[in-house]
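In the two complexes below, chain A is the common chain; its partner is chain B in one and chain C in the other.
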Partner chain A sequence: MRRTLLRNVGIPLLSMVLLFALWQGIVVFFNVAPYVAPRPLQAIQAVTRDWSSLWPLVLATIRETVYGFACGTLLGLSLGVIMAKVPFLQRMVYPVLVLSQAVPIIALAAPLVLILGFGGTPIVVIVAWIVFFPVTVNVLDGLSHVDQDLVNLARVYGASKWRTFIQIEIPATTTSLFSGLKIGATYAVTGAIIGELVASNGLSLAIYQEHADSNFNTAAVYGTTMLMTAIGISWFLLVVGTEVLVTPWQRRSVARRPLFHRRAAVVPPTSQH
Partner chain B sequence: MSADALLQLRDVGKTFGDTVALEPTSLSVDEGSFVAIVGPSGCGKSTLFNVIAGLLTPDSGEVRLSDEPVTGTTGHVGYMLQKDLLVPWRTVEGNITMAARLTRRVTSEDRAEARRVAEQYGLGEFLRHYPSALSGGMRQRVAFMRTLVTHQPLLLLDEPFGALDAQTRLEMQQWLLQVWKDTGRTVLFITHDVDESIFLSDRVLVMSPRPGRIIADLANPLARPRDVDVLIDPQFIEMKSQIMHLLHGGRR
Partner chain C sequence: MKIHRLGAMAITGSLVLSSFTAFAGGGAASAASLKKVTYAYDFPGPDFELIPVVVAQARGFFKAAGLNVNVVFPPNTSTTTKMLATGNANIGFLTTTDMAVAINAGAPMLSVANFSMRNNWALFAKPGTSLSAKNLKATLKGKRIFSYGDTWTEAMLPFVLKYAGLTSSQVKIVTDPTGNDLVALLGGRVDFSTSTTNYEIPGFEGSKTKGHLSQLLGTAAGAPNIPIWVYAVTRSYAKANGATAKAFLSAVKKATVWAAQNPTKAATAFDKAYPKSGYTNAYNLSGWKLTIPFLTNSAGQYFTQSDAQWTTLAKALKSIKLIKSVPAASTYYTNKYLP
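And then the complex of A and B:
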């Protein structure tokens, strides 16, 4: 248990530390001017010094990311299911989906602001626009690769289409769904920042960075970038954590006792490795 | 037809395009009997099974179970394939109770029965294991228990031990005979393996391809209970030779 924790958390942390050390090393060794690139600690200090004004902006970016991700997931999941179930719609909708992703997202932002006005709504739409596509593609792929023998077995047992869908097809698609969600999670924050650049009414994390840039506050520019990256990583890790929680069979050989309706302790609780 | 026939087929035929998968076939299977079906690939064994299970609607004829017409409908047989088809996201217990979960709410009685069956047949310690942690033989046993707790009187087993190694297969055959004796179900058992068909059955149906049809219906003279010594019994050898000639031609 200890060893796995060390390997799964320790090694990634070490690589982060090395990355920062490399950054520090390059800046010091080449004597890079502070207005071109600050040292890592200076960038972090620029953020902590102004934390009280940055914090609400971070919260807003997180909110846009979460709302957009939720909408994108819901849309992506529904589209994936509908397309898998109705081949006619699949043929009809697929090219439109590809088209939607071929549109440069920046070029999409301007008309969205014209339609929806400035503010949170167009930003959420942009995030959802980016997130739904990998979800749809992966869900569609997952659903069309469900073992037909398993579906037939359910039929032999007399299962309805609905129960077969809920009990067989959906669980069989979980892994694919999470592949889509993980891709979506990495792009979601990028979408939110692009949205903020174009559609913010008032201050936002992206606009804060623009101001820092025009004031030659390079440390704050870098610091804000680090902050945005941190939001993206956290969101990705949250999705991965959810996957670990809802798909225990992928890494365990024995199921945990369910949290509720525990049976009386027939077997004394044994420690699992 | 016998009065205690559980399953009756009358002139059941199925064609796919130009291929006659199954010529109009009639068949009667007695309650509690063990009937093996042998034949090469493409002889219509699986078509026959899928028609009985209701996955396929035959072009002609009728399927009756306990004298009720069931042609083209599902939900009346236990069914098991060479692939164990265990779902990786459920534990052994969850897989055994799968048929219940697919048709209604799983009750505590369902779970209790799953535990009882698993304990009785040597998988009691593995109830909370996921299938990925089990060996091939254990997985097939779980798949069979899942078939058993459907409480269907007729079990259709399509080469259930086909993917197992010879040693495990022999163990599983003896195990299956034990379970069959304990539960009194009626079994239809498809296999490629002539030895297996004789070792297990009361009766062997030999099938032939193009068009798929039953070419022989042989009563098995071997007494029960049987152990591995049966495999060198003269009656066993005689029956095996008879089936081999039917399958591969040649003079007798």
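And then the complex of A and C:
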């Protein structure tokens, strides 16, 4: 247990500490001016000093990410299932989906603002736009690789199409679905920041960073970048954690024991003489 | 502040390359004896405020001054100062507010000449909208005002709001560093845009919208009347290359005077130097013509800076907490290298 904790938490933490040490070392060794690149501590101080202003912006970015991620997941999941069930639709829609992702998101943002106006809606749409594609593709992939023997077995036992879908096909796609969600989670925060940069209706984390950059506050620029990265990593870890919880069969072949299970009374064997 | 065109930004890389190769082709034998100067513009792509440098190149003023000038473009509007501070450029084109915040952060910058002499930053509204200094409070209250988030707008807008008797929470400031204020304004996504007259009016003319853009100059509503753009170097560059700075300004002054007298030819020279700038000749010509009246002071002088302009700016920036203190005017500038 302790070894697992050390491997899963300790080593990544150590790599982060080393990264910060390397950053500090380079800045100190080359005597880099703080307005060019600050020391890690200066970046962290810039964030803590203005935390009361930053916290509502961080919450707004998280909110945009969550809403966009939820919309993108729902859309991606629905599209994946529909396309898997209707091959004609798959042939028709798939090229459009690929085309949608080939359009640079920054080029898409300007018309989105004109159509939807400034504010949260275009930001959520941008996040959803980024998230839905990997989800769709992975769900589609998962559904096309369901073990047909299992499906046939279910039918032999008289399961309806709906029951087969719910009990056989959906569980079989969870691995692919979570692969898509993890890719989506990685890009969702990037989408939210791009969205904030082009569609903010007032101050946002991206605009705060833009102002800091304009005002030569490089420490705040680095500090907000660290905050954005932390949001992205947290979101990714949340998806990974959810995957661990909802797909226990991926990690162990036997069911986990209930946390508080009643110990059965053990009757000592009677000795036979 | 400037017209933000994604297309123009996208081709910046090729423009940098083409400007470099075009210049490199102008006589390899003599280029070796010329002093190399890297000039950093304030925007990711070229536009008509680059005309003096373009003309100085095209008409051989730089060469005559013994200079080989290479123009580079920053990745965003905040980076020019950093390019100078890190030695990636020698002479730069900046806003005075960028200069002030850079010096406030400890960057050793020095303004060596004004580009423009007065403040032509303004509020704009759709044609037919009433926009005057008298009823500003009622006009602006609760309305959406577009900003690129640049330091100049950030510095000027509080003055206008204060003049109107409003606070920033009584209006909606929509910041979009990558957008286009005119598209947002004409598309009805904001009620007012903020820009300088020499950029906004040609952009509006290009949109073929009927009528005239309503405008209110910031100086008519509380904003200080001070220069917006300057030519700048680092103090160490000025110390080691004073003669080069002087030669550069001498060539640019000649070019500025010529371009002011020959706006049509100057705009054509710009189009020839940067055929893929993304701007039409009509836009460049109109923009340059609108810039010309701001290039000289009341005495008809080009480039000359004053204590008053820097002190006014520093006080203004301190009052809105963009800088911590008001240093002596000499911290910001020198007229020592003027031709």
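Everything that follows uses one rule, which is that the second predicted complex is superposed on the first by the 255 of 273 C-alpha atoms of A that agree within 3 Å, B and C clash if a C-alpha of one lies under 4 Å from a C-alpha of the other, contacts with A are read in each partner's own complex, and residues count from 1 in each chain.
In this text, a residue touches a chain if its C-beta (ideal position, glycine included) is under 8 Å from a C-beta of that chain, and two chains touch if they have at least 3 such contacts.
Just so it is clear, the model here is predicted, and its values are computed rather than measured.
Within the superposed three-chain model, A:N8 lies out of touch with both chain B and chain C [touch as defined at top].
By the touch criterion defined above, A:N215 reaches chain C but does not reach chain B.
With both structures placed on the common chain, the touch criterion links A:V36 to chain C but leaves chain B unconnected. In the superposed model, A:I168 lies in contact with chain B only, and not with chain C. After overlaying the two complexes on the shared chain, residue contacts for A:D147 are found with chain B alone; chain C is out of touch. Using the contact criterion defined above for the overlaid structures, shared-chain residue A:T48 touches neither chain B nor chain C, since it reaches no partner. In the superposition on chain A, contact of A:R155 is made with chain B only, not with chain C.
Contacts of A:F118 after superposition: chain C is touched, whereas chain B is not reached.
Across the superposed pair, chain B and chain C touch chain A at no common residue. Looking at the complex, you find that chain C touches chain A at residues 6, 76-78, 81-82, 85-86, 98, 101-102, 104-107, 144, 149-151, 154, 172-180, 183-184, 187, 189-190, 322. By the touch criterion stated above, chain A contacts chain B in their complex at residues 147, 149-150, 152-160, 163-164, 167-168, 171-172, 174, 247, 249, 252-255, 257. Residue ranges on chain B touching chain A, taken from their complex, read 53-55, 74-77, 79, 81, 83, 85, 87-91, 98-99, 101-103, 128-130, 132-133, 150. Within the complex, the chain A residues that touch chain C are 33-36, 106-107, 109-110, 113-114, 117-118, 197-203, 207, 210-211, 213-218.
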